[in-house]
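I am attaching a structure below and will ask some questions about it afterwards.
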Amino acid sequence: MHEEIIISGFGGQGALFAGQLLAYAGMEEGKHVTWIPSYGPEMRGGTAHCTVVISDDPVGSPLVRHPSAVIALNLPSLDKYEGLVKPRGLLIYNSSLIQRPVYRTDLRVIPVPANDISVEETARVSENGMGDARLANVVTLGTLVQATGIVRLETVEAALRAHLPQRHLRWLEPNLAALRRGALVVAERVVAY
Amino acid sequence: MAKELWKGNEAMAEAALRAGVEAYFGYPITPQTELLEYMAREMPKRGRVFLQAESELGAINMLYGAACGGVRCMSSSSSPGISLMTEGLSYIAGTEVPVVLVDIMRGGPGLGNIQPSQGDYFQMTKSLGHGDANALVFAPSSVQEAVDMVYNAFDLAEKYRCVVVILGDGMIGQMMEPVEMPPERPPLTEEQRPDWALRGAKGRPPRILTSLNLTAEGLERANQRIQARLAEIRKNEVRWEEEMTADADLLLVAFGTVGRICKSALRLARQAGYRVGLFRPITVWPFPEQRLHELAGQVRGILVVEMNAGQMLLDVKAAVAGRAPVRFYGRLGGVVPLPDEIAEQVASLAASLPGDGYRPARNGHQGVAPVVASAAVKA
Amino acid sequence: MSTDLSQYEVVYRRPEALTEVYTHYCPGCTHGLIHRLVAEAIDELGIRERTIAVAPVGCAVFAYNYFNVDGCEAPHGRAPAMATGLKRTQPDKIVFTYQGDGDLAAIGTNEIIHAALRGENLTVIFVNNANYGMTGGQMAPTTLAGMVTTSSPYGRDPHLAGYPMRVAELISVLPGAAYVVRRSVHDVANVNKTKAAIKTAFMVQMEGLGLSLVEVLSSCPTNWHMTPVEALRWIEDAMVPVFPLGDYKVAEAVVPLTKRTRAAR
Amino acid sequence: MAKGTVVIDTNRCKGCELCTTVCPQHILVMADFFNARGYRPVQLVDPEGKCTGCTLCAIMCPDVVLTVYRLPVKGGAARAAVAA
Amino acid sequence: MAKELWKGNEAMAEAALRAGVEAYFGYPITPQTELLEYMAREMPKRGRVFLQAESELGAINMLYGAACGGVRCMSSSSSPGISLMTEGLSYIAGTEVPVVLVDIMRGGPGLGNIQPSQGDYFQMTKSLGHGDANALVFAPSSVQEAVDMVYNAFDLAEKYRCVVVILGDGMIGQMMEPVEMPPERPPLTEEQRPDWALRGAKGRPPRILTSLNLTAEGLERANQRIQARLAEIRKNEVRWEEEMTADADLLLVAFGTVGRICKSALRLARQAGYRVGLFRPITVWPFPEQRLHELAGQVRGILVVEMNAGQMLLDVKAAVAGRAPVRFYGRLGGVVPLPDEIAEQVASLAASLPGDGYRPARNGHQGVAPVVASAAVKA
Amino acid sequence: MSTDLSQYEVVYRRPEALTEVYTHYCPGCTHGLIHRLVAEAIDELGIRERTIAVAPVGCAVFAYNYFNVDGCEAPHGRAPAMATGLKRTQPDKIVFTYQGDGDLAAIGTNEIIHAALRGENLTVIFVNNANYGMTGGQMAPTTLAGMVTTSSPYGRDPHLAGYPMRVAELISVLPGAAYVVRRSVHDVANVNKTKAAIKTAFMVQMEGLGLSLVEVLSSCPTNWHMTPVEALRWIEDAMVPVFPLGDYKVAEAVVPLTKRTRAAR
Amino acid sequence: MAKGTVVIDTNRCKGCELCTTVCPQHILVMADFFNARGYRPVQLVDPEGKCTGCTLCAIMCPDVVLTVYRLPVKGGAARAAVAA
Amino acid sequence: MHEEIIISGFGGQGALFAGQLLAYAGMEEGKHVTWIPSYGPEMRGGTAHCTVVISDDPVGSPLVRHPSAVIALNLPSLDKYEGLVKPRGLLIYNSSLIQRPVYRTDLRVIPVPANDISVEETARVSENGMGDARLANVVTLGTLVQATGIVRLETVEAALRAHLPQRHLRWLEPNLAALRRGALVVAERVVAY
């Protein structure tokens, strides 16, 4: 097993954290893992992405040109990575924000209304009953894990429990819920292969 | 101890703390700033000295001062900042006081960018400023290796009274990998301080630490003492890693993160039927020239891969001494060479060699169309 | 003439904080005199065994050979940074730098300013002789307007090279500086005042009050092309008007110390 | 008038004459020979014992050439030594 | 024109003036200060810019600014000062603006002393700061050669938009020799200014000069452009001198003043019956590797002599590529190797070689007892 | 709503001295605003075609892309030296540096001080946002006491890191500085005052009167973790008391110029 | 009251809201959509023509998003354009 | 012909200038010449020396370990260089300042009362009739030239005319006289060989 995943989105969308959760889970399951962010001024307001490699063998390159799976949390990310996914690879995108169709036909594509799901799940615990999009990253991570089986969903849940920053503890339950909701999407709507 | 996921910069900082670093001086610069920021958080907690200097010149000379006191101390920076430190490094080397320096290289020359690079190879392994100053230079290829190097760097620096450099790149600094952290060591006691350290001339004659020696003869003697120490290092501390060299008739040579990327390239090329091995210098000064010289006698050709225009290449050529043709593949400006393109380069190296006519079947991973080799590719 | 000295008391003798080494300074150069004042202050404060000297690059480059304390040698201008490294890691020590005007006011301006800004507990002896002595008398930031040096052969032109830099005034602006004064050694009275200031400066460090800097107007007979005696007169006549002597910053907490040193004399 | 004298470390002297200019008694004069380091050193010429041990010469000497002595005044210690 | 006796530092300054240097920025440091002082006297007379900077950092960046305006400009310094300039040099090289720099090397590392040395070879030929910055580096062995190099340096710097370094040592700077000064050239006219120069965007789009390029791909392209220029230099500008190589079976390799001292050693050794030749690189970057490689095939052994611990040695080894054994004789800390001791080293090299059994009669000049070879002598 | 603009007069439009390039600054970052003021001053003085900009290393590193003039990029802190090289060799040009507080007040202190000492005819736009924006919000010499940054995670402790550096005050001490003021852009009135000061600063250079420096208090919403609106309020509430606005040095010869710019508004 | 209007270069706007806080007429409001660069841009909502062309918004905008227009007052030129 | 001369003395004794005159003369006579000073802080009050090489061939090393001739203007110079002169080489010393005998017996040794001669020659032109030692350097140079024939005396005279700094022009005649006086010494007292 050797999977190379890129998760990409706007600065605040939590792509980097989702990648770390995945890496933690991989490590817990005894795999070799690397996680590497894009860094630099482009982080200022622009997009941020990270690359996670999970493998049975020691990881050579932590950077990849052609990932086996991509999560695109916004349109620029889809624009940037659609062309790069390996043939027969997996492309998950945030259909709440991205309206355009996917052009590649040699990919497994899963649109996830990640913002909408996040809004629903966060609304449950927010004081004013208004939800927000902050869990879109975890939603799509759920989808990825479910669709690929790179790691088990429970391991990601454990990683969430272990690594969600203390100050965000009240968001643990919504996170777990978002993760599971994301996983369910796979069953619901596999659009193309 | 269980492994944890650590970001390279922070892992190195924590390793230094556990090794007993007593003082850190630095100045922010991407892509090493997390190391400084980690120190800013953790050093005060443990009652040790963290100081953000006004510049890299300030930092290296604060380090120099602390080192003169026989204190375990360290700094870190990245390429442009390192350039500013070379005068100080030359003084430190000339004064024979131990310091540890982490250099997380980025794209140059000039302001360049903040992507991974290996453009400081020359300035860290060769010149270290003016004069014949040399550091013991380690090139980590993983976060764990970086951690272990930093952890051991202080002892080595003290043993040889020299500068120890951990020469990483943006990838090492920014990447997260599972790490097993070494145990915390007790701090140095006053008695453990070296016998040359400036601690106040209480009950003993004053001590002087200087790199100045006005007579040529005197300065030559000082240099000979330094060169003798360096010779000791060359004898004792050369380190490298080999992979699949036993039957190899082609050899990849790469250091640092490029070395690990070459491992993937190696697998691809082996799948494609090439009998290729990997030689990864772990110390880049001293360069493992002896072993490379031996291996050169065994292979048909050598491919050096670097994220620069060919710096270690010179050491390789000198070590190989004509025993095998040496080719170079370099990516510049922060572009990271990936396994598939390196594998392509191996194939084209093999094709270009006179050799025994053996031409492997191309049945392995095909990758994508190879990127056009950079103009920096040299014969 | 053989006086029986056993009857006599020594009223002046070489301070313990100076070694016996002959200095390399030119005849009449007041670097040596200032060394002596520093050494006397160290002796009087009883801190010789916990003092560390940081020598500059400049004529005083060998200062570590002359002070009978632990010592080291900073790159040109970086003494305050090196001293910071020493003091931060050994706060119980007394660390001082001894720097010329090329060293401190040209290449090393950044280091002294930021040491002062941070309020490093250091003592800085700043020897202003209006030129780069060691390299053969080039213009320094402190060179007087119109003064001929080997790199201002037509006299320092303020329109091209600026007016002389007043270091004490500049440093005194910084909050971390606790004690900043300018003194001179051109006659006995001023030598004594300089001594008191240097002693105060060390006391400021002993009390942990921040950076203390004593700027001392000093002679360079060789590069000024004067006899030592003329050179002292030139300090008084030409330098003092441009670099007024006085106290530029005496922090609240330092005031009692200055009284103590004055009383002690 | 206190009575004093100075001891000159002749080889240390660089002949700069700073001491001679401050001695109120004008009893420090330059020698007509050179010392081991090639300088004309200062000499104490005080046949009449005019030296008061005032230390002014030592205060101005950049090379710490001079050690100053004074006969203790009866009924009191000499002025506290500058460098105790 | 009649020859005059010129001191190296002043001769180089005058040569620059005649070549049309418009601005000089520097900071005093022995043993190059006379160059600055000459400029202080002469530049104002000719209505050009002389400015003593506050430091070498100031000087190199003033130079950078002037160069961005397409102005003929120069600086000079010595080893510690050069170390402080490397960040700026890397920016200048990265921005591709032409400057001329004279480095009069002194003993290191650290403050060292002010005696002649060749300890900046690495920092001038290899790293020039971080990244793959390279200068065209000339090593003069006489004052006349230094004069000619400086005189031509500006054209070369402008042609290749690069840094040109004159790498001398204290001897070159301090020595007086007869010199024939080249003629004064007319100053550049506004039309002759290069088309990239910042002169105000009057009637044209603004121009930008920078070494920054945030994307890896963009910076790689910039680097490739620079490397292409450097390749041109390698093709066109390699220079060296040979003496008595035609029949040589032993080869001395030395640069700069050591190269000329080796000429005397050569005569002694020839008198003693050794068939020795001399190879003196005149450009040390680019290093004349091709020709040395050829010569290496002809001789039984090579002796590299330097005033350092073995820096050019690495280039020699890489160029020789195993075709002949390479020995090293180095003096450190400002000690200048003299002809007799070098001749002794030639003899001991010859004795140590397997060769054809030929052993010359020792009938030449005996000199004095050889100094003990420095500890820096390496196999 | 389609207004017929042909009836209207333009009362505010993009200055010619700004290019059309989108800036990379964070939303609400006043770097952009200060750029605009500089560009307006250049336009109003009609000097665009003879102006050369020297960009710093800091968030304004790309300033040369935004100003519609010839431009270059200095190493971190060295802009005044680079500008000196440009101006000395092209005295007919108008050369300005645009520098952040890390750039000018930390690593580059030496260069600005000596440019000011020499009275270089340069204009310096000094953007003080109390932190290192570009590298992610570390402590700068100008960081307020107690302020949390990524390198002062427990708040800047004046005893360890000193009190904030007041640049305008410091530079004003130097004889070669002709015009040194501090302004802010936290509201319309202050923006207008800043604009006038920047214009004066350029005029000082045009008249060859020496160094002019305008320190501008500027926001960094990203690293201050505030909304842009909050950030402006914080300038007013927290920064202005530590960095008082005002004129720190207005040389004799500059006074008439300040009157002219005031009148022009 | 002078009559004015502003033209918004929507894709240039970063949605920082600085203009909205200074507009005396409160006619600048944030849009509920994102522009091409992912920011919520400002919009002029001025059905009643309240804009006076006072330029305050433009003066505070860090991104030079706003061009301000004003109807010339009869019998006199408009206030001199800030950027002539 | 290949001569290597070291001229050494206290800082103010003019050793460097004497060496330059010699080098100029050598150049005028079509020889290859080099002149190199000692430099550095030791110049401060200490001794200064220069090395002049005059040769029919291009000069290899401008520095020499074993000069063929030495002029020692003061005692430290004699102490330093006596042991270094080549066997059968020439050693000229300033006997006005140096009282001790020369120990080497394999040298040609010429003591020159250079200060005394200088005092005599300078006294002629000085306002108060008091001479000084400033021409000791030129005196010994005269001796050297006469004793070795490295260059002709007239060429040195021409060099003096050409290179004596403008401001010292009134010292030209005394210089020429001193040079000739030094040359005469050779005839007078060759002490040892």
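Labels for the chains are A, B, C, D, E, F, G and H, by order of writing; each one numbers its residues from 1.
Please note the rule applied: a residue touches a chain if its C-beta (ideal position, glycine included) is under 8 Å from a C-beta of that chain, and two chains touch if they have at least 3 such contacts.
Quick caveat, the model's predicted, so the values are computed rather than measured.
**Student:** If every chain is reduced to the average of its C-alpha atoms, which one ends up farthest from chain B?
**Tutor:** D
**Student:** Give the chain pair, either B-F or B-C, that is connected by more C-beta contacts.
**Tutor:** More contacting C-beta pairs are found at B-C.
**Student:** Can you work out the whole-Å distance between the CA centroids of chain A and chain H?
**Tutor:** Distance between chain centres, rounded to whole Å: 87 Å.
**Student:** Roughly how many whole angstrom separate the Cα centroids of chain C and chain D?
**Tutor:** Chain centres of chain C and chain D, defined by C-alpha means, are spaced 25 Å apart.
**Student:** Would you mind pulling out the distance in Å between where the CA atoms of chain E average out and where those of chain G do?
**Tutor:** It comes to 61 Å between the two C-alpha centres.
**Student:** If you average the Cα atoms of chain A and of chain B to get two centres, how far apart are those centres in Å?
**Tutor:** Inter-chain centre distance comes to 34 Å.
**Student:** Tell me, which residues of chain A touch at least two other chains?
**Tutor:** Those would be 40-41, 45.
**Student:** Listing for chain F: what residues touch at least two other chains?
**Tutor:** 25-27, 61, 73, 75, 106-107, 109-110, 113-114, 141, 160-161
**Student:** What residues in chain E touch two or more of the other chains?
**Tutor:** If we look for residues of chain E contacting two or more partner chains, we find 30, 51, 54-55, 57, 80, 87, 91, 95, 110-111, 113-115, 210-212, 214, 336.
**Student:** Provide the residue numbers of chain B that touch chain C in the complex, in ascending order.
**Tutor:** Interface residues on chain B, with respect to chain C: 22-23, 25, 49, 51, 53-55, 57-59, 61-69, 71, 73, 87-88, 91, 95, 198-203, 206-212.
**Student:** Provide the residue numbers of chain C that touch chain F in the complex, in ascending order.
**Tutor:** 106-107, 109-110, 113-114, 117-119, 141, 158-163, 165-166, 169-170, 173-176
**Student:** Would you mind writing out the residues of chain B in touch with chain A in their complex?
**Tutor:** Spelled out, the residues of chain B in touch with chain A are 3, 5, 30-31, 113-115, 170-171, 174-178, 257, 260-265, 267, 336, 338-340, 368.
**Student:** Residues of chain F touching chain G in their complex?
**Tutor:** 1, 3, 5, 7-16, 18, 22-23, 25-33, 36, 40, 43-44, 187-188, 191-192, 221, 227-229, 232
**Student:** Show me the residue ranges of chain F that touch chain B in the complex, using the header's touch definition.
**Tutor:** So the residues of chain F in touch with chain B come to 57, 61, 73, 75-77, 102, 106-107, 109, 132, 135-136, 138-139, 141, 150-154, 160-161.
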